[in-house]
Amino acid sequence: MKGSSFTGSSCLRGQESAGIVTSDGESSQAFKVHKGMGLINHVFNADSLKKLYPSNLGIGHTRYSTSGISELQNCQPFVVETLHGKIAVAHNGELTNAAQLRRKLMRHGVGLSTSSDSELITQLLAFTPPLENDDTADWVARIKNLMKETPTSYSLLIMHKDIIYAVRDPYGNRPLCIGRLIPVGDMNGKGKDNTETEGWVVSSESCSFLSIGAEYYREVLPGEIVKISRHDVQTLDVVRRPEGDPSAFCIFEYVYFARPDSIFEGQMVYSVRRRCGQQLAIEAPVEADLVSTVPESATPAALGYAQKCGLPYVEVLCKNRYVGRTFIQPNMRLRQLGVAKKFGVLSDNFKGKRVVIIDDSIVRGNTISPIIKLLRESGAKEVHIRVASPPIRFPCYMGINIPTKEELIANRPEFHDLANYIGADSVVYLSVEGLVSSVQESIKARQDNPKTHKSFIGKLGHCTACLTGDYPVELEW
Amino acid sequence: MKGSSFTGSSCLRGQESAGIVTSDGESSQAFKVHKGMGLINHVFNADSLKKLYPSNLGIGHTRYSTSGISELQNCQPFVVETLHGKIAVAHNGELTNAAQLRRKLMRHGVGLSTSSDSELITQLLAFTPPLENDDTADWVARIKNLMKETPTSYSLLIMHKDIIYAVRDPYGNRPLCIGRLIPVGDMNGKGKDNTETEGWVVSSESCSFLSIGAEYYREVLPGEIVKISRHDVQTLDVVRRPEGDPSAFCIFEYVYFARPDSIFEGQMVYSVRRRCGQQLAIEAPVEADLVSTVPESATPAALGYAQKCGLPYVEVLCKNRYVGRTFIQPNMRLRQLGVAKKFGVLSDNFKGKRVVIIDDSIVRGNTISPIIKLLRESGAKEVHIRVASPPIRFPCYMGINIPTKEELIANRPEFHDLANYIGADSVVYLSVEGLVSSVQESIKARQDNPKTHKSFIGKLGHCTACLTGDYPVELEW
Amino acid sequence: MKGSSFTGSSCLRGQESAGIVTSDGESSQAFKVHKGMGLINHVFNADSLKKLYPSNLGIGHTRYSTSGISELQNCQPFVVETLHGKIAVAHNGELTNAAQLRRKLMRHGVGLSTSSDSELITQLLAFTPPLENDDTADWVARIKNLMKETPTSYSLLIMHKDIIYAVRDPYGNRPLCIGRLIPVGDMNGKGKDNTETEGWVVSSESCSFLSIGAEYYREVLPGEIVKISRHDVQTLDVVRRPEGDPSAFCIFEYVYFARPDSIFEGQMVYSVRRRCGQQLAIEAPVEADLVSTVPESATPAALGYAQKCGLPYVEVLCKNRYVGRTFIQPNMRLRQLGVAKKFGVLSDNFKGKRVVIIDDSIVRGNTISPIIKLLRESGAKEVHIRVASPPIRFPCYMGINIPTKEELIANRPEFHDLANYIGADSVVYLSVEGLVSSVQESIKARQDNPKTHKSFIGKLGHCTACLTGDYPVELEW
Amino acid sequence: MKGSSFTGSSCLRGQESAGIVTSDGESSQAFKVHKGMGLINHVFNADSLKKLYPSNLGIGHTRYSTSGISELQNCQPFVVETLHGKIAVAHNGELTNAAQLRRKLMRHGVGLSTSSDSELITQLLAFTPPLENDDTADWVARIKNLMKETPTSYSLLIMHKDIIYAVRDPYGNRPLCIGRLIPVGDMNGKGKDNTETEGWVVSSESCSFLSIGAEYYREVLPGEIVKISRHDVQTLDVVRRPEGDPSAFCIFEYVYFARPDSIFEGQMVYSVRRRCGQQLAIEAPVEADLVSTVPESATPAALGYAQKCGLPYVEVLCKNRYVGRTFIQPNMRLRQLGVAKKFGVLSDNFKGKRVVIIDDSIVRGNTISPIIKLLRESGAKEVHIRVASPPIRFPCYMGINIPTKEELIANRPEFHDLANYIGADSVVYLSVEGLVSSVQESIKARQDNPKTHKSFIGKLGHCTACLTGDYPVELEW
């Protein structure tokens, strides 16, 4: 990376495995690979990173397990040698028709060495017929062919020689966005210094750009195939959804998964979450003395709720920074202390008061219950729970790891008397409509603005399958 | 710990080394010791903890380096064998006359194997004359003798056979408080279960009690020698300060060091910090659109400031949870990114607005400066800094690790034009008087209350040496 | 493995990576895999082994790098899923026409994810046409097809469901032998105990059998396909060499690579090495006082030489058991101490004497030279070197990692005055004919014996390519 | 160590802990210490060694546990600060009156932080009265005082500022010898190069000198206090034994503990062991076909036995280099394989023959038994055991870790029919007289030689306590 541009991609959300493949941009044989199980800081150290240099471009991946057994072979990026050189592929998402595609490949005599979609995609790209006469590789044709075989869900980075192809499925289910490395001169405020400045980065979440000195450029659009080279970001093609199908970006990214400073569809996740809190205040107000939160993911919703209701926002819990693994033999005393280990109680702040706690979601119902108990024991007069998202009821087949139907509190009998079950004075969830409108409100405002460029997106929609059971495509097995 | 009481102590604040010594309470030879360098989670695992059992009492220590080289030998607790059995000592603080005491011991022919005060204290306890005829150990007499030789600063736990002595120096410079293990029955809310319930714990900070199922009982008072055994907490003696000397609890514990849910001198640290923010709003108001904080230690002061001013409290930064070790070779680009790596920017929340940032302290001045730059680049119209504590100007010789005088921004020429140096529109610190009154306000109110038990404390004061240079005792070398 | 038979294979010679795949013998999907870089003891621990159970059969592999970059992906056994279930392949050797076969597969649209022959072999097995109609997998036909595509060198273990196929290439270049688990009752000498007794093991070297309680059963013959199931070892087919081609077992296994207690072609390696020493005594006698060795691989040759000459065998060096990594900065002193670190000198044993040192091979010439210097400095009057194998001059393309031609002492100008170069009074190598006759002498005697079963082997030969440049097959690139 | 002399000491025999203390030779405060549990290669790496530089002298220690619990605090060298600067002490041996000395120190008010003799020695050196007036430290007087307080067993290295004192107890029970760093010029054979040449090293065993480029200089004599500085080795004093007491060097060092190339009392350990084999042949001949050994410590004795008897020396077992930790669940099969895992069997070498196996010692009797079984199963006609040392019957209180009396085979009933118990055709031990004469023969010859310098040694003897129960001093508790 000495005195030259860099084009790269990374997604730091997964904690199960991590990998990086770099290329010197000249020979398709000269890929350098380092992958391993575990957190990125365990997989990479100064030595392993040094081995990835010199390089002008690279793709990385961190895995958050959905399909595929948790094994080293499933680590991404996946690299294969083809007749036209090596390609490396990083994949975020889960193919809804993976089983069908695996059978197809094996029927053609290709052995599959892993259970990951990532290998499946590389072999599909390598295999595209007609092969015997195909002496010049047309990678764009191969990518379009792949996109026709599988509708969703995938955001892909495909590296070959000195080019990275960034691809998002036609439904736009998984995020993918492009950033531009800020010239160092600009960062200094002293004018451009062209020696170390050019380059592009691609990531699932825009929040990662700031920390590497890049700025948000734009999203890859649903169905778009973008070619990224040293100096250039260029749309090669757009594969459309079937007529009438709305886009289906995962609404769970807004609710829970993404970092609050990330930008999707032109809006900051934090702002959406605050709007959810405001909407929740409209849908489910409560007579109380103060509004608080379970630190720290529900804070934006809590501030939105408090502001809308006109109640003070007060902290009731503080995080225990030193919580670690628990080695001590679990006797009866210690089994009861799970929550008390994670949080300290700021009891003077709420003694004798009626408290509204805003949580971002209640999935299994076993986290909020001991918190309520703790607050009551420390002097809270009433504890009302308001949840800034609707109940989760259905499995996700597109890349989000959701508990089984049986584990989801919304599918269990206790749900009918939930306040009593968790020990709250009252509990109300945000409605699906409330969530969708909180998410779409500002997108629609922008779309209605005649100045907005809107050619590719098509009909606006969001995937709410885990809340409603309405999957964006028919599921194949 | 099976079916029996436990008396223990721990302080989880240090990150340099950790150690635990346990005793079965019967033989003074049967101490079990495990110590090591590094975070407590690296030093202890299931195996090393198992080796500490069975035991009825124990003391632990985590080290936050002040004096003493960072070496394994300096790990506490320190154990020595004496003619009257083994003793184990854990020490929080720093003896102001350590050098003098070391020379005294060495002159008597005792070789010192470490540079730690902890060994010094154990050898002083072992050495107390007259020795030849001293066939029965009077540990209380030895402890009182030690307290006469060194005025401050120390909070001590001394374990011998089945007793732990908890000791605080006459000035009360370092914290020490006692908790009571809550009977499991009470935790269940189903009545007492006496088989697993009795026991006492001692800790520097009360915040640790909740996470082990204990409740705050009381502080050890300045100069107090408390004997803790299985069923009993008993004051053995109180060693008084020289006539007229006020108590000198470290004010830095309130400002920065302690966890917000800890209780010192009858008040929650969080409440003191919020009062500091309120006081700061009175001392240094500013015309602005919103009040925010550098997450997360300054949040109580920011909420206090916002409430007092009537300005909205808004989040402008979010913590990057995935920050880790940085392996990448530091080139020009990356050196500029230190702050951007730690925080994400919630720019939509403050674009075009005048922002007041409350920080808890500005020590060297090199943390706040890039945050201000970041906020301005992300659209803040004005950035005003308000610091919820006075400038640090002097070294601490009593256990807090403060940068050298030359490193402290308050002692450097740039301090005279600090706003300009850090790039802020204005910057104001809380006054020493404002801090002291925020700290003492509610203590005095309680003392004035005729119902309060106040026998031991004597004249109220706080150590503000790092802010004012007024050390509670004369320093000896 | 509780109360049941076990069929397995392992080769512990490699130190670069290790892997085990087990099968419960029922479903081809139920393979359990653990692989990793490094010595087998680093790769496997109690936990990783536990995960491989329960299982009735398994194959393992340790890698000694020849072709293929040293990366995790290249770890064997290689597992792929095919239309007819999973297969796992472990491979010892190196395909002489690998590049050609890779191109063929890629031309058919198969992407290759590693550079190892092992993946190549699995994909060739998966790919065998005609595929569309091939609803029942005929693995033997696939294996025979593979053997026709590549003549040498490979010893293979292929696991599918409850069967392991053991295969040796038609030239028999790499070893492979079968052992039988000794019934525990027999081991006790108390009669058979059938509950824990049945099972077969396959290994490159028979020496590994003893350590797992198995006994040598027989070699897999050149070209033989053996089917191993729970109760049965059965020859399925034999693929013949081209008419007139002799067998080509690697002679380097006898000279250097194999453990002395291994059995190849009906003879113990130790016995061959002793015969080499005897033959060397005939070819190159010397007037001296004693015969010794560089411990410990040349000891059998030294004892053979000493006995044939009638000179006493005496130890002159002892191994330094505590040699480890050297951390100390290499200054001039320490660079000179390499050999002295590995060996202690038993100077009293040879002071003033004429010493013959038998070495098993001189490859680069930089090991023996400082030993000679050490012996002279410690009092040896004369030092004569006799090498129990001929000089290595040519690269190996069949699985042995030999230094480059330029590094081989026999190809360098110093070779013409080698005694002077290494500081010896004389140096003589064993002749190629002498080596071949030492190896073949007892095999021929057995073949001439009318009782010997000889159907499969065909014309006897050995691969001496590294010594003579005569490769058993034409090399393709 | 750049361009300067080095004076150091080390003993690499222990495997339980390791430590190094270095000094820059100028200030007694400037000691650098690194110690840790485990093998030296685990304790030290490039970083920890770098921290020990720059330095001109240092002492090191590896621990082979005898007294003192296996804990980090017991790691040597032990360093204490005294009124006269820091001293570091490394100790080999075990004080026979340690308990008495500990009580004495504690009675004087010194707390002891470890159970090691090494701390005891440092505190005794620090404590020596009269202290109040002792403003100039006379370390030699302190060392002599220590030696009068404890007769044996200790070899000591005491470092203070730029001097190392090397001390051996009056009985000479533990070894200690001095080496001289060979000038690099001499090593090159090109004349002296004075820039990197001067320096002295001290070690328990002379075998370590060769590997660091030093040559044997001389032993430290029993009772001698040697002062080692940069240019000089100087005898300061000799503390004599009580009139009539013979010297008592540990005979077990010759039999088992030392490396064969070490020199004690002017003779190579290997030569003593060979003489033991020859003596054994005289004491216990046997009609047999060949003589062999359990590799590899008994090889010198086996060669001596074979030569004296006129029988051929033949190898019957080869070491399995790849033996490692065994993870596999211990079922019946694997429990029987202990020995087979360590050794390969060279059955062709002894099938149908009568074998004499020479072992260096039989301590518990559970190692030789399965070897005999293995040899018989592999075809040995007869197996006779000859042990090149007498039976061990008594505990050692002077530094050698010997099993408890109950574990020693010589104290158990089975000993009366040992051949039958271990499954041998016959078994005979060397006599105590035979061992002593094998050890003393050449020492006496040298002493009788009028040219030999013999002033310090006094009456010659050896400690045979573990064989005879005759301890060199009265044991105190």
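Going by the order they are written in, the chains are A, B, C and D; count residues from 1 in each one.
Note that a residue touches a chain if its C-beta (ideal position, glycine included) is under 8 Å from a C-beta of that chain, and two chains touch if they have at least 3 such contacts.
Predicted model, so just to flag it, every value in this text is computed and none were measured.
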| remark: Touching both subunit C and subunit D we find none
| field | Number of steps on the shortest touching-chain route linking subunit B and subunit D | value | 1
| request: Compute the centre of every chain as the mean of its C-alpha atoms, then state which one is farthest from the centre of subunit D. | output: A
| message | I'd like to verify one number: the distance from the centre of subunit A to the centre of subunit C, where each centre is the average of its C-alpha atoms, in whole angstrom. | response | 50
| query | Once you find the CA centre of subunit A and the CA centre of subunit B, what distance in Å lies between them? | reply | 39
| Whole-Å gap separating subunit B and subunit C, where each centre is the average of the chain's CA atoms | 63
| When you check subunit C against every other chain, which residues touch at least two of them? | none
| request: Determine which chains touch and list them pairwise. | output: A-B, A-C, B-D, C-D
| query | Where on subunit A does subunit B make contact in their complex? | reply | 1, 12, 39-41, 44-46, 49, 181, 184, 187-188, 196, 207, 210-213, 259-261, 267-268, 270-271, 296, 299-300, 303, 307, 312-315, 318-320, 322-325, 327-329, 331-334, 336-337, 340-341, 344-349
| task | Name, in rising order, each residue of subunit B that touches subunit D in their complex. | result | 33, 35, 71-73, 78-83, 87, 102-103, 106-113, 115, 119, 122-123, 125-129, 131-132
